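The chains carry the letters A, B, C and D, assigned in the order they are written, with residues numbered from 1 in each.
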Amino acid sequence: MAYFKKSPWIIHYDATSCNGCDIEVLAALTPLYDVERFGIINTGNPKHADIFLVTGAVNEQNKMVVKNIYDQMPEPKAVIAVGICACSGGIFRECYNVLGGPDSVIPVDIYVPGCAARPEAIIDGVVQALGILEKKHLARKEARKQHDRIAAN
Amino acid sequence: MIESQPTEIVTLDRLKDAVRIKWAAHARLVQIGCTKTAEDQYEINYSFDENLKFSNLRIVVNPATDRVPSISDIYWNAFFYENEVHDLFGITIEGMAIDFKGNFYRMAVKHPFAAPAGQKKS
Amino acid sequence: MSVRLISALSFVVFAPLIGGLISGIDRRITARMQGRFGPPVLQPFYDVYKLLQKENVIARVRQNAYIDFYLLFVIFSGMLLFAGQDLLLFIFSLTLASVFFILAAFKGSSPYSLVGAQRELLLVMGYEPMVLFAAVAFYMATGSFWVSKIIVHPVLLIKLLPGIFLGFFYILTIKLRKSPYDLSTSHHGHQELVKGLTTEFAGPSLAMIEVAHWYETVFLLAFVYLFFAATPWLGALAVVVCYFLEILIDNVFARAKWEVAVKSSWLVAAVLGFGNVAVLYLLKGF
Amino acid sequence: MSKRTIIPFGPQHPVLPEPLHLDLVVEDEIVVEAVPSIGFIHRGLEKLVEKKDFNEFVYVAERICGICSCIHGMTYCQGVEEIMNLQVPGRAKYLRTIWGEFSRIHSHLLWLGLAADAFGFESLFMHSWRIREKILDIIEETTGGRVIFGTSKVGGVRRDVTNERLKEISVLLKTYAGEIKEVTDIFLNDNSVKHRLCGVGVLSKDDALMLGAVGPMLRASGVAQDMRKLGYAAYNDIPVEPIIDQSGDCYGRCVVRIKEVFQAIDIIQRAVDKIPDGPIDMKVTGFPNGEFFARTEQPRGEVIYYIRGNGTKHLQRMRVRTPTFANLPAILKVIPGCSVADIPILLLTIDPCISCTER
């Protein structure tokens, strides 16, 4: 048990979403849903975060921003695409400036559907991401062990 | 009918004078918007509001030959709309208060609204 | 001697446990004040344990060395206090610790951490006079700078030093990084400087900052206890009440600007701190 | 410390949930200049009119912004109805008004929370949003959606609410008004809040008007302009007096929004009393041909839809000018001279909605 399950810190970035999902992400922090019960904190700082919530599709200007935030996050990390726009582009898929979901720029682990995604769905997405974090952590540990073994020989 | 919306068509060289009259009357600049009506014909609407009375100034331009003077020396906030019109329609606007030089929006397609109607995104 | 050593060592071992627990209870009470349920009480431990497992992303090579020294000096300051050493030494060591923290933040390349470091410097400037007044006043009241002497002083010191106590309580808000004075970094992410001082630190180094904060919480509360050392139960009560008030203050104030923080803490130091020292001077007639 | 540094503000920033980027040129924590760059959300949805027919486009219009979604959809529909000369049934008009005002309440409560967050008052943020959830419950119950209502359609509305339920909601709102007052009183009277708001970002009456500010921003500077005076939807029967404040600073904008929450509650209650019975939509035949600038009052200010049809099922042009777009130049003029600590609250007082702005 590495306690990733107990303390997932999130960072949220609004790619090109219509605010609907963003507001729901924020609503999940507030008294009715109160995700801090599960130790979830919205850090706002990529270097502190474990889980990256992207809402909305990616466009020409923000694809670098999304990638930068992802790169700044320390391992292990997970990405959740929140809302239908972040899954596939949604209603804006045909717009000239929409490149598609964030998975066209960074690897996405969990897709949360909905327009707008309900806070319950977002919380569920985060909870599912926890398992992935734990797995990634173990894989990292294993890789390091193997690396050490090779180095020792 | 919610409200009447008179539109006055002005020529390019009279545009700034007409806008100055609006400024003198303390009209608020509501928006500047562009519409492509034909292949080389673009309408630009300058909308004003004077105590809930809406009115339009309209110029018709051809982006290939015409250069539109900026009104941002009269209405400072116009530079926002003008940069937008420039980026979306490729219309040259001269003398904007802050010129983003085509970087107001960074887009996958240059001047998307200037493309012939019906053309799909690549 | 050995008693002192045991006391200092048990500080090193138990302070993070107590500090973490206090932090957990703090978060729970805060949540309740905001109409929420709040995290488990052990949440801070989960957080730190998780942070230790994370990758340590470094922006500049030496920034983490400064954090090591920060933690080291925070622990050292606490040990001095718990070993009953010189109060002045404790204060200087604590200042040195903050200096290391600020240097670490200056090392970070993000403008947020730079502005955070500048604000922290101003805050240190703000609270330092009051801390010094406190040390002087303890000396005047008890005739010694040694914590071991102060703690066995038969008189309830709060009677002699009410101004100093209030002044110290005021700067406690700054030291504990509570709103309205959580200018340089805040527990809650929603701040104009993102995370201010700690913006550039990730994983294990962030965990060390967190642990250092727990140590700080414990010895700052121990400092509060000093005012009531003559009656231990009153001291314990005062510590609990003080911390609860800090949580309450955290929840009923908007964040102030640094000008206000510095000016007001100097005003507090000048009126309450200096005033109390002056009265003591007249009473004792040095 | 006196050398100039540049602090990037956004696009990813915890105070602003939305990507607006400002490069703040800072001297001693005093901002000398603010250079904006936008376009992080530009999708180009205005161009979608060429692919979706004018009835379908209502869905897109509602998703221009997730916070003021209802009024976006409604404005678009009003524009099309105006061109096609449709007489929308009275009940539909009233329902639009009621939902529009509900969305105003939820948007203003949301703003109050975010503003509290910007000046570091976390518990106030939580309590504002706690009450907002109750409003959202009513919205969800009557429309089916929490943030995107999906009730607008050309020629009316999609859902009806029974008169009994409307009466109950009206009573319910009375109790909520008390709770809202408890929270808003803190905004108006708390000294530490006043310290952060009063005198920050003062915009004079003339500046506000000539820089094209709209909505609460304009009204807080003492200009009584409210598009609801035009009398669209049911506002002909329910006259609205614009709420103004003379101060022009952040506090003034806060006061205007708070008063508007109570005004909205009042409007809903009056609308519930007057709502006529009858159908909620009408059959729409033919295609729009003509142009119209539809203007309505969003929570953030005047929104304007330019709709131009050419007699086919696809519109020729649809342009949205959203309130934030109009307010941004004004706030840029105000920023120089403020301290870094004031920037979040200054930006938030225009109630920025970047996804509206960039579309």
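Heads up, the rule we're going with is that a contact is a pair of C-beta atoms (placed from the backbone, for glycine too) under 8 Å apart; a residue touches a chain by one contact, two chains touch by 3 or more.
The shown structure was predicted, so the numbers you read here are calculated from the model rather than taken from an experiment.
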Leader among chain pairs (count of C-beta contacts): A-D
Centre-of-Cα separation between chain D and chain A, whole angstrom: 28
Whole-Å gap between the CA centroids of chain B and chain C: 58
Where chain B and chain D are represented by their mean Cα positions, the distance between them in whole Å: 24
Intercentroid distance (Cα basis), chain C paired with chain A, Å: 34
Interface hub residues of chain B, defined as touching at least two other chains: 105-107, 112
Residues of chain A whose C-beta touches two or more other chains: 30-31, 42-45, 59, 61, 94-97
Residue list for chain D, restricted to those that touch at least two other chains: 13-15, 39, 42, 44, 47, 125-127, 130
Chain contact topology (line, ring, star, complete or other): other
Footprint of chain C on chain A - complex, ascending: 2-4, 6-7, 9, 30-31, 34, 36-39, 41-45, 47-48, 50, 72, 74-76, 137
List of chain A residues in touch with chain B within their complex: 59-61, 94-97, 99
Chain B to chain A touching residues, read off their complex: 105-109, 112, 120-121
Of chain C, residues touching chain D in the complex: 30, 33-36, 111-112, 114-115, 118, 179-180, 182-183, 186, 188-194, 251-258, 260
Touch list for chain A against partner chain D, complex: 11-27, 30-32, 42-46, 56-57, 59, 61-62, 65, 69, 91-92, 94-98, 115-116, 118
